[in-house]
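In the part that follows, the structures are each spelled out as structure tokens.
Each of the next two complexes has chain A plus one more chain, namely chain B in the first and chain C in the second.
Right, the complex of A and B next:
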């Protein structure tokens, strides 16, 4: 198979799991050989599609004059709501939607004359070159009878309501009587937190290349975090059988949640390709990326926290208000983390939504937990200051020894060790307990910390391992590597499981012709795919051991299979390691060119549910008990900020993150995940915001010059450490995800440090200079 | 982007002579502003004349002061020893701008002619008086967080020039040398080069169609040597100024003999503040003086809902810049 990292040069010794192996796909990437979804330019007769999107946020298309565009050289087809081929099943129909594995919103544009948000596709031009298509698109005359839009939940025209459900969480949830607990609490804190709209902005925009290899055979090269989910959804929408669609994603230039779904352009490209009879490439422009693949919704949360005079939590009442689209009741579920993070006796949460002229917001790195952690972790900081406690102390005082939401014990939890290690690495003991005391020249210096946590989301998936007699191996799973290191860590896992050096392993992913596995999202891929590969390798050994003990010429002949083990590529007797032979010998004599194993890996509480393949030795009671664990990764962030009280600027001067997430497969790629998440969070804390015009409901800064993400100069040297954990319950490899937890708590750590520096609590993100100056005008 | 023809010219005469339609064609230097605008369909030009081969080069001391050719690159000028030593504020205004890649491409003439970053101007889907006269100015009641508070009008509140260099040039009495299609040269002080929006925000400078910027000359003085450019922005680099200040002081025995002050990020044009200078000259170089000067500079501010913070921020920025220069 082409376009895969080849067998590679490695820098790690045998026994590579847990070693800082450099990326196996690094060479392919830096030399430009790695082909991304918009780079399949060799497809025969490839042509280009360009979207024309709506200027206005609400209205009806009254006419689209395509005549000037039609006349342009190279133009092959122009689609509008009047001639777009009908979908077999459409997101616009609630019944149809049930067939989709991955549909982010209940609306498909260009199915009618309705315009519901600025940037909504209203037409698509297909031409022989990108330039021809782009230019022709500018000649389309789209007439829209504009109506007055609603810009957000803050718009006076907006009306809010409590939905029945948001993302599987009830609109109102109660555990105990939190209202009463708050009312009677000796210490009561009430605060409201604001969050600006954020966009994922992966470096690689959304891109789909669709190639109909036959009328009933479609191959799609797509920027997706889940090839299987995209395959099923596309098949349903296009009226094909699942296996008639192949989806390929060999490399992804970042996803952060926005590439977890089948957005309109993913469907439009194959529709266009079918109509013109040629492969079609459709790439979103950067401005289109802002209205093409969702966003993190703007929101506010009010948290009412009741505690004893000693600082023990009694109850929390949480309310969130946010903007959603005209069709979906979508909100990130912030309440989850607030509910579980501490030993909290009573909790109540209510979601309020307001429909506005925007597309549905979507999963964005650590959805819910990220903004939820801002509210709870700032409020915990307030509690610490109010009672004169150290912020770590107040957290230890409320340490959750078990999951308060269901009473289950944790499958593993090393948060105390994270606090201790983080404090030590950071030098927390040097912190002045009073805020607003430390100066460095004109700058105010502050220390802050916060807790991080992210749940283990159940997922399952298959893998195949093929070991060749010459000691090479090919490993396959239809997973995606978001650029995070999946290629690398799975290579390591396979190498150790097969007892071969990592450079002998080639891991293939990102294709629906490979064993099916779930999407890379919710921080599930490392745990699930590593487990399935590990278990598939076990199957290879079982086959080889069987062959050896039945082979008269083998030193292991006649041994019980259960007495034979694999050690560094050698089959040998457990009791007498000297007796055995290399697997290649067994295979040679048996004329086996290769041996294959397949397995299903399970991540989360499904791992040990009855029926799971792994750990077949467990008895029924053990299995049921195992499924009764609560599974989360935990961690902590510490930071030092410098605030300029006259210029309002906040700069992060030092950073320490300590994470406990089961077994760390590769400290180098894990570290990259943690610093990536922390930087993303620093962006949200200090600068990232997408602004929608309050009257026209259109973004005013949909480009990377004005949507500010941190630059290198904003980021100090970062210290990252891990507390290694042994977790026998979470999956066969004992791995917990590290992707999303790394952003959780980051905004709070920064805000807590700003509070320590200035004595002012900023509760509105991002903390830009205008807000810092405003806060400093208020009395401390 | 529309189709356009492209030609290179080797001399000013050739460049102006090649223009088929002076009002429609455009010169291209580094292209870092022009191509962005064309790709976003905000400017359409049927013809581009590449002026990079023109001899508008050189960074040298002349009897009138420091002369910089309009086609010198931002990075080259910013790092030039003469500029670093004798005109620190100019060097800083260049090196704190944009990114290294952009500075390597971008020319001095192009920098002076860059256009506003107002989000409404930069997106053809919005109405905007500057782009489409008479269509309206949604920024007045919309997202005006980054926009100007001095010299603004009900037609437009954009920082027509959002960048840095011209702020320093405005402070230090720079003079532009322009050459028109007839080969005639004229000299225009930078402070008279930009136009306030009034009711015609589409008219941004006094440059005539087809006219070229040849060079910029900055008189050398004690206050150019003792100068600084301070830029406040939302991230540490690669962002436009929320507020900035170019200042130069000549302080003798604790008393300010001469002062130059211009503000960026807050004016409809690079904002030379003679009010601030008046408040400084003859006064002791103290914080009280600096604060009085800052107050004088912002006296005429007309903030809108989301840029009110700039009144305070610009004053603090100016005070800090003055403190830094006074401290040597």
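Right, the complex of A and C next:
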């Protein structure tokens, strides 16, 4: 709203915001004192639950013999579909689901005898020790009448269809006549891109500790990215009022999208705790993590790109085919980024789904934009090579000065500066324009780059600020810190907003007893929580200013409140800064030990148009239309790869990322997020793939020894830089998120570098040595 | 790839505390007469705890303190630390020796607590992340991790730090490539590797060149 203050105006003088403050939670993390959700051991009578999962991907449970397990010492209860307490509302029921804030799939296991995917929980053992529960679970004899499963969209038994909607995006979208534009284009490129299944694999597996403090009071320590969403959903499922459930997540060991939802184990733990009358801890094993909290679906995309002989885009036709579960039409929306990244006159996109015997895939770091960017950014690279243009040049040629999808101007966009700065830091000018020409010893050397972008998703949330007369402050919001730095950046924002040093600020998060704010996901937390804290601090000042101007003993007595400002903890006249006093003086005379302020922070188009979210049927485009601006972060990645032509191995030798994402609150934690996103993407580009057996539809590599994530030796030193941006439209702080944009374009940058090194275009991820060697056997 | 990445042939192999070798030994205990060399091992075990079946009480030296643990022989050191001694700084990421999150020091050697049975660690000096700092004074590796932002979520961090301390002590952090290799048993999904490298190399006395 225009009458709301903005950080740009009230904090023009440099403060701690924008400084590379070390993490305020660093001490707790390096000393082992930080308690994660499976570490609340002090709960009275805490016992352990262990899941028994199905080896079969499809069928019906005909019997479960629990007798041997039951006889084991320490076993307190065994739950199967026959005795699991019923949920008040269940994900299986579409009407019930409306009450959930965070339901990842329309199926709840152990509610019937049905088995729909391998790894689905079929029983749960509760025992006094972890070992007793684990051993007893191995003694359960589960008989399943197996049926023939469908393993993926690639299975000949699979039937493909075009869904009405995927994640709020229509199954078919058309802007202009892209088919005609492609058909008549002088330059036509058609390419198909393949993506393996990927798993988030946060180092901390999913874990839920449930404690019924009274029959109507449940506290849950859960690995969740959103305590409020989990609270609301759990309450509905368990038949409680929202306020009867408390969810706590003080530290979260990574999330990457898989911890954004209430998965079955989150509900099973409180059910077990209620039944045995003791607090229950349920931790997924690493193999269970692969079938317990979703994945990024395997998929293929075909991109048909039409352009002029000069390299200007005329139209793109995009099709995606992917696997979904038996119950949900879920697909990452790859089309979004392909539609908006360049000045593209016509676009058409179609989603094809095939139901298979798998759980529903879920949000994974930059859902849609990450795989979508692989297709568009490799095809743009193809276009550049085909026309003899520099890859940066072809992108500048198609630079979108406004959002082609709706005609709106960008709230801010500094992509040109990102290209220029990235090229400079990387030494792009030294690149040989011809591919397959650069060698270092026997290694083939390639340079590649790609564009990154991620949208600003609307989000709102509350915060409370309490400023004490001694200059210390407690700041609260029910946000979560996935490791992204929320604890630290919000401490910085509060310090500047209150004019006190950061060591005087304690920021509390991760608990539903704190002011309600939305989940940490979709790169929304930094912009939303920082804005709500900043605005809550403004309320503190308004209260103090009011007290000062009415206080006869104050130098500000009689002044108009609107003429008084806060500068580094001092209340003073705007026109005469010499006239004023420290806030502590005002509070002392008024006998105020502390002053509280609360506020709602808004991120995205709801910032200027709070009504934009009121209509739930309004899609993102309509919301942006209401605000008049398109809001995205932009950036670039540059990389150098070394390809061993004999072994087919690809090593990333150098990396440069340059991001523009509004105000960077802390360049140290922001840099870590960007290198982290790039490394996640390098994993996806070169090594990560979960393989489902085509006959049994069961993962063959559901562990960290055979699902390869990057290790230290895979990663070079990385250079990260930020383009400073002033964006007054996005929120009160001018902040855009960076957690997800950092992975967008990464796989394409690596593939483009491999193409430059070898002259071979690899369009199937991950680019493992077998694929590289096969490509090298083909003519360039 | 330079040769300093790999240990010379005469490097002593780390003490074998693994669950796997215990099981082999247990099998051996059953056939003592056939396997005389294992008698000493069996004696060594029973010297500390007369009964190795069922729940027993035994003592572990953790971070310089004698701690009593009541557990079955199948209980791993990791679960003994986390579930019995409430030393939750040592993390469980995979429980199969694949991620390094549970790295502790046993008699100064970095060891995966998830592959070690608690009952076999009697008489040994166990150091966990909680025992690294001297009071409020952080170990230089802990301070370097904060300074270089060698973590995000913090879940792999205790294991990384315990590995980092050992890596420097072993003399495996003398070059960037060597340190990268010898820190590669510890996965970090947030992707803090360049920062972890910077921290380890700083403590090794040579800042990372990249």
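As a working rule, the second predicted complex is superposed on the first by the 749 of 780 C-alpha atoms of A that agree within 3 Å, B and C clash if a C-alpha of one lies under 4 Å from a C-alpha of the other, contacts with A are read in each partner's own complex, and residues count from 1 in each chain.
The criterion applied here is as follows: contacts are C-beta pairs under 8 Å (C-beta built on N, C-alpha and C of every residue); 3 or more make two chains touch, one makes a residue touch a chain.
For clarity, every value in this text was computed on a predicted model and none was experimentally measured.
A.B. asks: Which of the two partners, first being chain B and second being chain C, lies in contact with A:647: first, second, both, or neither?
C.D. replies: first
A.B. asks: Touching A:769 in the superposition: chain B (first), chain C (second), both, neither?
C.D. replies: After superposition on chain A, A:769 lies in contact with chain B alone.
A.B. asks: Is A:686 touching the first partner chain B, the second partner chain C, both, or neither of them?
C.D. replies: It touches chain B, and chain C stays clear.
A.B. asks: Is A:705 touching anything from chain B or chain C once the two structures are fitted on A? First, second, both or neither.
C.D. replies: both
A.B. asks: Report the partner of chain A that touches more of its residues: chain B or chain C.
C.D. replies: Of chain B and chain C, more residues of chain A lie in contact with C.
A.B. asks: Answer with first, second, both or neither: which of chain B and chain C does A:696 touch in the superposed model?
C.D. replies: Touch partner of A:696: chain B, not chain C.
A.B. asks: Per the contact definition in the header, classify A:27: touching chain B only (first), chain C only (second), both, or neither.
C.D. replies: In the superposition, A:27 contacts chain C only.
A.B. asks: Is A:713 contacted by the first partner chain B, the second partner chain C, both or neither?
C.D. replies: In the superposition, A:713 contacts both chain B and chain C.
A.B. asks: Touching chain B and also chain C: which chain A residues?
C.D. replies: Touching chain B in the first complex and chain C in the second, residues 131, 135, 703, 705, 710-714 of chain A appear in both lists.
A.B. asks: Report the residues of chain A in contact with chain C in the complex, numbered from low to high.
C.D. replies: Interface residues on chain A, with respect to chain C: 22-23, 25-36, 38-39, 41-42, 129-131, 135, 200-205, 251-254, 256, 283, 285-286, 482-485, 668-669, 671-673, 675-680, 703-705, 709-718.
A.B. asks: Taking the complex as given, what residues does chain C use to touch chain A?
C.D. replies: Within the complex, chain C touches chain A at residues 71-72, 74-75, 79, 82-83, 86-96, 98-99, 101, 128-130, 132-133, 138, 142-143, 145-147, 149, 151-158, 161, 176-177, 179-181, 183-197, 208, 210.
A.B. asks: Across the complex, what residues on chain A touch chain B?
C.D. replies: 55-56, 118, 131, 134-135, 138, 287, 442, 646-649, 651, 686-687, 691, 693-696, 698-703, 705-706, 708, 710-714, 766, 768-770, 773-774
A.B. asks: Please output the residues of chain B touching chain A within their complex, sorted ascending.
C.D. replies: Residues 1-3, 41, 117, 119-120, 122-123, 125-126, 138, 141-143, 145-146, 232, 234-239, 242, 306, 309, 312-313, 316-317, 319-320.
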